[in-house]
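Two complexes follow with subunit A in common, the first pairing it with subunit B and the second with subunit C.
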Partner chain A sequence: MADFMQFALSGVTVGAVYALIALGFTIIYNASDVVNFAQGEFVMLGGMGTVFAHQAGLPLPLAALLAIALTAMIGIIFNRLAIETARNAPVVSLIIITIGASIFIQGVVQIVFGKQIYRLPSFSGDTPIPLFGANILPQSLWVIAGAIIVFIALWLFFTRTMTGRAVLATSNNRLAAQLVGINTNFMMTLSFGVSAAIGALAGVLVSPITLTSYQVGVPLALKGFAAAMLGGMGNPKGALVGGILLGLLESFTAGYLSSHYKDAVAFIVILVLLSVKPQGLFGTKTVNRV
Partner chain B sequence: MSNPFKTLALAGVATLALSASALAEIKLGATISETGPASFLGDPEAKTLKLLVEKINAAGGIKGEKIKLFLYDDGGDPNKARTFATRLVEEDGVVAIIGGTTTGTTMAVMPVAGENKIPFISLAGAIEIIDPVQPFVFKTPHTDKMACEKIFEDIKKRGLSKVGMLSGTDGFGASMRKQCLAVAPAWGMTIVADETYGPKDTDMTPQLTTIRGKEGVQAIVTPGFGQGPAIVTRNYNQLSMTIPLYQSHGVASNSFIQLAGAKESEGVRIPGTALLVADLLAADDPQKKVVTEYKALFEGATKTPVSTFGGYAHDAFAIFVDAAKRSKSFKAVDLRDAIEGTSKLVGTTGTVTMSAKDHIGLDLSSFRMLEIRNGGWTLVK
Partner chain C sequence: MTLLTVEGLGIQFGGVKAVNDVGFSLNPGEIVSIIGPNGAGKTTLFNMISGVYTPGAGKVTLAGEDVTGMAPFLLARRGLSRTFQNLQIFQSMSVLENVMSGFHLRERGSVLADLFAWPTARRRARAAEGDARKLLERVGLERAAEREAGSLSYGSLKRLEIARALALDPRLLLLDEPAAGCNAVETEEIDHLIEEIAKAGTAILLVEHDMKMVMRISKHIVVLDHGEKIAEGEPAVVSRDPRVIEAYLGAQAKDKAMGEEAGHAEH
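Moving on, here comes the complex of A and B:
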């Protein structure tokens, strides 16, 4: 029973990391149908930025805020320079642009900050908290809380606010959105800024657990992307549930089956699920009216 | 007509003189993974080579010849490493190659070195590089097998024998896992658990929980490098585990203590080189002088702490310079013979004595068993 709890806690911890990253995908996807593969770099920038601001002498909360603000700026600049200029290109081209941006950001960070691996100090110490015979680190609770808060904020944003609906409208039909008076350029800028900020926040929260370096973004983004696909791309609920589910799948496979097959089993489950339900657990079918 | 032998000898001398003036410098090649996933190994290696070449040239070179270093960054990609090795041989005309930061890049360079008869000193860990021995391939780091043996020797000294393994699935971890499993019976070890983790995994508590649940497990051995071992150490503390934890030489550097945390890594044992504990070595230790000098040079120039990996490059270069001094000529084949004849050369990793059958030249005594205490290293007696 203690083992089961430990596997579950591990799954939830890792799952919350995936969920936080998956949530970052949703806004840009909702605004433009683009899967932003540079999302992992936003996570990395948040973590690395905080590490260096903290090393420079800023207190941790201030360093984190600065890193998040800077990353949001980078997200906005990225949209302005790379995405907006290619606005009329097909979605696939835009996705490839995000991959290019991801490689570019990694390269710059590698030159500016070096190739070392860094760790942020945990926010509330490293003393494990016993829970039903298993142990969890306080930092895991921060990550889980972060994922839930970001989820609620996003959910409220998309369903309760005019701006949120305007973002969705921009993605649905840019021309029609413009005709009803939505500033679609601003919606794109906003979505990149907020996505980058969420990514950076994820980076700040997870760095004490996952450690950070210039190349930490891609593997995290891939897992986050898998989680988002599992839950349903574009749906905050999907991102949260998909992330936790993926984390649990991995840890229970590692615990009860074999750690050798951990990733394989998780991805087989995703493949099977997607072949039955291509939109993911909570995804909505896209209907094109002719 | 004078004595034909005399003419021949004269001609020989003339050729020698000609080739000497044509080879106004000794061309040394290197393909190192300065960037990419193995950059934390390759970066100090490249810096070390540049520093040492500068230093020896400033002191007048070898037998009056300056060394010219051709250094390429293969980014950890075996294909690139092979291309660069070919370029080093065919275009740059080097007489020896140092490099192959990882086992993968080394394997790619080996055939190029063999076909062109250019001595190649690898900086990678795997035993396959020098076993079976290939005439032109040498290496400086300890093998995975020696690391396993050193760890098992220490476990045995503690009177323990039941070992749980938790290995990374990266090349380093996978190779060392294989070697550890192979030599365990010879040291009286029983492997009671054999778990793995991916190099980018962020939580290993399920694997540790499984190992903890195994009947009678007495020690944990965790081959791997990069961030994984640090996360394992943190998870080990999260689970309040107390059985001895052994990390591999792949993480024998101060950054491991920083990443894992001083409190978390307390009591962790790692087989490492003398370089890490330069200050702790006895004054009469044969390696004291070499490691202290290299440490001062590297830390003075780069303002970053020395690592074992830079030390591998230091030793490769020391072997090359020592061989060049003894060699009949600066031709590749003569250098090869001289490298094979390396004897009692003190490096940062150990004292190197090579032979036709041994192209690494180190024994277990060159590994030091280190224990982390209060965020620093101590020597296990």
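Moving on, here comes the complex of A and C:
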């Protein structure tokens, strides 16, 4: 029983990180139908940025804020230079552009900061807290709290505010959105900025646990993407549930089976689920009118 | 004071003059109709006035300001709103949300407040929802409010698009065939709706094939053929104009050869 709780807690922690990344996917997808595979680089930039700002002498909270703000700026620049200039290209081309951007960002970070692995100090110490007969790191609580807060804010944003609806309207029908006075370019800028900031936040929160280097982004992006697909692309609720489910699957497989199989089992479950329910757990069926 | 002035407006598509040297003007609260056979350039003219196409020549002035080729979202902010012959609806959003999007400008607040979903942001969204329901009632769609827009019939979507355009509280409303695909009863309802809107002070520019409706509600009619203005004036005068009669009668045979309207907006 103690084992079970321990696996569950670490699964929820990892899952919360996946959920944060999946939420980042959700925003850009909602604004533009683009799946942004550079999402993982935002996570990496958040972690690496904080490490270097902290090393340069900034207190940790300030270093984290600076890294998040810088990453948001990079997200906005990325949209301006790479996505907006290819505005009329098909979505598939735009997705490939995001893969290119991901490789580019990794390359630049590798040149500037090197290939070393870096660690951030935990926010509130490393003394495990006993919980339900198992132990949880204080940093895990930070990660889980971060995911929940971001989820609630995004869910309210998309369902309860005019700007959230304007973002959805932009992806749904760009011309119609313009006709009701929505500045669709601004909505794209906004969604890339916010998405990058959320990715960076995930990087800041998780770096004390998982460490960070220039190449942590890609595997995280893949897991976040899988989580978003599992939950239903475009739905914040799906991103949260999908992320945590994926984290739990991995953790239980690693615990009860072998850590070699954790990725395989997780992806097999996703494949089976998607073949039964292609739109994901919370996704809506898309109806195309001719 | 004139609300809209169009002077010498023209555009070419691959050397074909889709619209050439068209001009007219419109006062607040007035209903002006653009008529002409298929392919005459009516929708192309609409697309230029509403910023969907950038005109190749000429000038559009809205309330004294030169707005030639201005982006649609900036025109919306200056009180211009329109509907489309082939509909531009947010298909996967609900009917209510479609109309709510029309209140985007009025209820726009701080983006930061929206991102953190502060109570002020949610209050604005609720205000928009209440007013959107009233507009849906006005076009007779109140019972479909929660349905996905994509599931509505063509005639209902036409009215939904009008409701969304009205949410902007426009000074000038461009309606592209609002009654197309509607039955006789629905056409009459739209007819009344248009007159009501005009009475409330909104100028209306109308493209419509239902001649009975056009003749009854328009104050002024502009007739296009082959992209050029061939006549304009009061309904009674225009309908007796020999050039207009010729364009319409001669158009029947030509229609078959030319097929779809040249300036038909695909997106």
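The rule we apply is simple: the second predicted complex is superposed on the first by the 290 of 290 C-alpha atoms of A that agree within 3 Å, B and C clash if a C-alpha of one lies under 4 Å from a C-alpha of the other, contacts with A are read in each partner's own complex, and residues count from 1 in each chain.
FYI, contacts are C-beta pairs under 8 Å (C-beta built on N, C-alpha and C of every residue); 3 or more make two chains touch, one makes a residue touch a chain.
Note that the coordinates shown come from a computational prediction; the quantities given were computed from them, not determined experimentally.
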Ask   = If you stack the two complexes on chain A, which partner ends up touching A:A254: first (subunit B), second (subunit C), both, or neither?
value = first
Just to be sure I read the superposition right, which of the two partners does A:P90 touch: subunit B = first, subunit C = second, or both, or neither? neither
- Does subunit B (first) or subunit C (second) touch A:A166, or do both, or does neither? second
On the A-aligned overlay, A:N183 touches which partner chain: subunit B = first, subunit C = second, or both, or neither?
second
Applying the touch criterion given at the start, work out whether A:P59 contacts subunit B, subunit C, both or neither, answering first, second, both or neither. neither
Note to self: One more residue to check, A:V194. First (subunit B), second (subunit C), both or neither?
What the structure shows: second
After the superposition on A, what does A:L175 contact: first (subunit B), second (subunit C), both or neither? second
Return first, second, both or neither, reflecting whether A:A153 touches subunit B, subunit C, both chains, or no partner chain. second
Residue positions on subunit C within touch of subunit A in the complex are 50, 52, 71-73, 76-77, 81-82, 88-93, 97, 100-105, 107-109, 111, 113-117, 121-122, 124-125, 128, 148, 150-151, 164-165, 167-168, 267
Listed in rising order, the residues of subunit B that touch subunit A in the complex are 35, 37, 39-40, 43, 169, 195-198, 200-203, 205-207, 209-210, 213, 226-227, 230-231, 234, 237-240, 255, 258-259, 261, 263-264
Interface with subunit C, subunit A side, in the complex: residues 153, 156-157, 160-166, 168-169, 172-173, 175-184, 190, 194, 284, 286-287, 289
In their shared complex, subunit B is touched by residues of subunit A numbered 3, 6-7, 9-11, 13-14, 17, 110, 115-119, 126, 128, 135-137, 206, 209-211, 213, 215, 219-220, 251-252, 254-255, 258-260, 262-263
